[in-house]
Amino acid sequence: MEFTVKQIAAMLNGKVEGDESLKINQLAKIEEARAGQISFLSNPKYESYLYTTQAAAVIVGQDFDPKKDFSTTLIRVENAYTAFTKLLEEYEKILKGHKIGIEQPSYVGASTQLGQNIYLGAFAYVGSNTHIGNDVKIYPQAYVGDNVQIGDNTIIHPGVRIYNNTIIGKNCVIFANSVVGGDGFGFAPQPDGSYRTIPQLGNVIIEDNVNIGSNVTIDCATMGSTIIREGVKLDNLIQVAHNVEIGKNTVMAAQSGIAGSTKVGENCVVGGQVAIIGHITVADRTQMGGQSGVNRSVKEPGKALNGTPAMDMKDSLRSLAMFRKLPEMDKKLKELETRLNELDD
Amino acid sequence: MEFTVKQIAAMLNGKVEGDESLKINQLAKIEEARAGQISFLSNPKYESYLYTTQAAAVIVGQDFDPKKDFSTTLIRVENAYTAFTKLLEEYEKILKGHKIGIEQPSYVGASTQLGQNIYLGAFAYVGSNTHIGNDVKIYPQAYVGDNVQIGDNTIIHPGVRIYNNTIIGKNCVIFANSVVGGDGFGFAPQPDGSYRTIPQLGNVIIEDNVNIGSNVTIDCATMGSTIIREGVKLDNLIQVAHNVEIGKNTVMAAQSGIAGSTKVGENCVVGGQVAIIGHITVADRTQMGGQSGVNRSVKEPGKALNGTPAMDMKDSLRSLAMFRKLPEMDKKLKELETRLNELDD
Amino acid sequence: MEFTVKQIAAMLNGKVEGDESLKINQLAKIEEARAGQISFLSNPKYESYLYTTQAAAVIVGQDFDPKKDFSTTLIRVENAYTAFTKLLEEYEKILKGHKIGIEQPSYVGASTQLGQNIYLGAFAYVGSNTHIGNDVKIYPQAYVGDNVQIGDNTIIHPGVRIYNNTIIGKNCVIFANSVVGGDGFGFAPQPDGSYRTIPQLGNVIIEDNVNIGSNVTIDCATMGSTIIREGVKLDNLIQVAHNVEIGKNTVMAAQSGIAGSTKVGENCVVGGQVAIIGHITVADRTQMGGQSGVNRSVKEPGKALNGTPAMDMKDSLRSLAMFRKLPEMDKKLKELETRLNELDD
């Protein structure tokens, strides 16, 4: 990509102050921006960088009032952050490309319907009786089983595995090597100490606007469905067990896991490496600190939890502060005992 | 699938009480079953659902004695749970299909022997000098290296990677994107601060009836073998390091890991996100609570452990209960000190 | 492989004491070695095994002075450990094979340059405008996107996914199903409770001599680069978030994770299942115990940390020792209170 400041200002409905002929070939944070790059200033905390930046141009708000000299060109817009985000999105389209068409060799099973304007990469496999919506991208080496539905505009990255009977909504993105719909982990103990596999006959339902990171695993339900509600965002290496339901707009950081049959509410925020035990319910807007272990239902919405087992965040921080002082407490306890013994003598 | 109640009763050697012409197209839990579905009642805890269910039919025991009216049809059998499991297994066969044959393009190396009735999916890769048993299924895009042995009736799911020299038994299942036999993590520190790779020349041996979830990693031994004994069940995203041995019928929940050269006994139960340190031995039938960190050998069989570092489960729960009360203990300690100071004055 | 003791001694510049015609077909640890195998003795701790081993031959130092009788053949060399490592490396070459050439079908995009003596496995996919160095191996079913650079002698294992614009140095190894360059986890909360995706436009840079295990995920930067410096070694199932930088020769054990924008120093040692929070800096040579949670910057180099939240290792061990004694401390506290109450009466 290479644009002039003038072209970018036109795209953003902005007004240029400075040299509008400068060429821009990259976007950068204001504290890192160099010649040929464009940045933005929205948070006043970063204002000082404006006066020293070598960026070709900086996007600022209409009311921005500089307090020192500077050498960069300004593009004034209504909202600097929004304008920069728009620029990022445009740049993304150029950078990541618009794949379209069917590369060969690829495999499409019988009775499968492919939507319009799709991309199907080489070595991708789509089973039979499957329905792929319009504008869907299925990258090379991805696997989509039988009887699967994938909604319009969804992107399936390289090496993703979608098992039979999975239903995926519109505008979803699933990153590389994630697995959706593998068997739930269910085994019945036998008298001889071995285990017999309990058939896992359900499926996975992923609603619209869901993002799933790389190397995530989401198991199918034993019966019924494992459900990922609209707008959920899952980071990398997350485990979602059979019959789990994750509520609308809940966000989970990397390496967290939810055990079987648990229902997590809407708009929850789950830190990294959190474990949520099976067969519980977690209320809406619950926040779970990193590495927490949630081992009982959370009934009151909007609470912040921390620790293993998870407790109220403030109580957890208080107990952890004391944990650091345990050797000191123990010492004091022994002193008191000695003094009491002396008193008793 | 669509069967009549009469057909299902015949399959289960059951006796119908009610309308045997009703059509069944799905299985469901009794608390969720709707019209057209069949369920079962085994645990008396769920009896109340029988009187309100809209299920077409419910499988019950021969001695079941209803206490209220109900509208569903009963199928009486010797053991309701066993009968329902049989039905699940039959349904699974129909639902998951019997893949057979060799799809193209697929790759088979020189001197490799393929058994009878196998399935080899498109874009699957099988190296040279490898032996694939009868009735084996290798799904699309799976990789099997050179000098590998896979026993009869084993299923290798899409995107699984089996490195050279791996030996896998009969009736195993390995779910999507798991990796068996990657190099162990061994590096020798050098005087300049860098590390030199220690060659990892061993292999992985997986015995019969082992289940491995999705995105699991099992490293090959430095020399000798990493061994997964008969009947072991591993959930998703588990790490098994080089030279580990996991004993017969041990079960591990998701996101747990075992470090190098550790031997875990038979019939152990490992919770989710557990870490077991390297070079230790864990006795048979040890139970490890979720997120535990086992950092020393466990010699006595059958113990329950919890926490990091792992300790006896009861002791752990007692200490954790006190952990919650630490701020209170600290307060009391300060009060006692004050009172003692006053006494001393 | 099958060599005589004489041939191996010649390769190692060693001197044989015993039967130089014996045949060797495998390498083994001295405590496990059997007939037909060769082992080594370097650490005096293992000396007793020499007197009972059935190994065909054992490599020992020039000065080794046996204290008992033994039946194995000795090969005397300057440094037994170094000689055995050389043997391991030679054996590795034979065992793992020298793949070379381009298998079909494979996919190479427009304007992509392939180096000399490369291996490109069947069903591998290489995008457009990509540069592959000399002696590179790209195993079957691996994916390399557009505008990627891969340095000489690097090995990309089966099912690895390298996203667009990634730069990888020389002599790197990336094991199966790892993902390099997936989108960072960045979402802007919207007034209605949903999240809007923040475009992730940066890339990943991996310097020379880096080893990456299986099923690892390394996200691309939002802007700029996620950087893995020279000589870094990552075990399996590790998460590296966007804009992270890992310093030279740092080693991380399995299932650990680093959150966004954190900089980890050089020559650090990170245990298994460690979590490092985002936006912090960790000094050089920091050691982090298994399952630690590092939640603030570490400024002093060379410290050992442990626990969640991570604290000085010695302090952590002291507090953990007290944690075990908490019920006892609580009991004593109550006793003291009772005694004080009695005194007060």
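For reference, chains read A, B and C in written order, and residue numbers begin at 1 within each chain.
We take it that a contact is a pair of C-beta atoms (placed from the backbone, for glycine too) under 8 Å apart; a residue touches a chain by one contact, two chains touch by 3 or more.
In this text the structure is predicted, and so the values were computed from the model without any measurement.
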Quick one: label the inter-chain contact graph as line, ring, star, complete or other.
complete
For chain A versus chain B, which are copies of one sequence, does the interface use mostly the same residue numbers on each side, meaning over half shared, or is it different?
different
Matching the CA atoms of chain B with those of chain C requires turning by an angle in degrees, to the nearest 5, of 120
For chain B and chain C, what's the span in angstrom between their mean Cα positions?
26
If you average the CA atoms of chain A and of chain B, how far apart do the two points sit, in angstrom?
26
Multi-chain contacts in chain B, i.e. residues touching at least two other chains, fall at 105, 123, 141, 159, 177, 215, 237, 255, 273, 291, 323, 326, 329, 333, 336, 340, 343
What residues on chain C touch chain B, complex-wise?
27-29, 32, 85, 88-89, 91-92, 95-97, 103, 105, 121-123, 139-141, 157-159, 173, 175-177, 209, 211, 213-215, 231, 233, 235-237, 248-249, 251, 253-255, 266-267, 272-273, 290-291, 320, 323-324, 326-327, 329-330, 333, 336-337, 340, 343-344
Residue ranges of chain C touching chain A (in the complex, touch as defined):
105, 107, 123, 125, 141, 143, 146, 159, 161, 163-165, 177, 179, 182-183, 185, 187-188, 193-195, 197-199, 201, 215, 217, 219, 223-224, 237, 239, 241, 255, 257, 259, 273, 275, 277, 291, 293, 295, 308-309, 311, 315, 318-319, 322-323, 325-326, 329, 332-333, 336, 339-340, 343
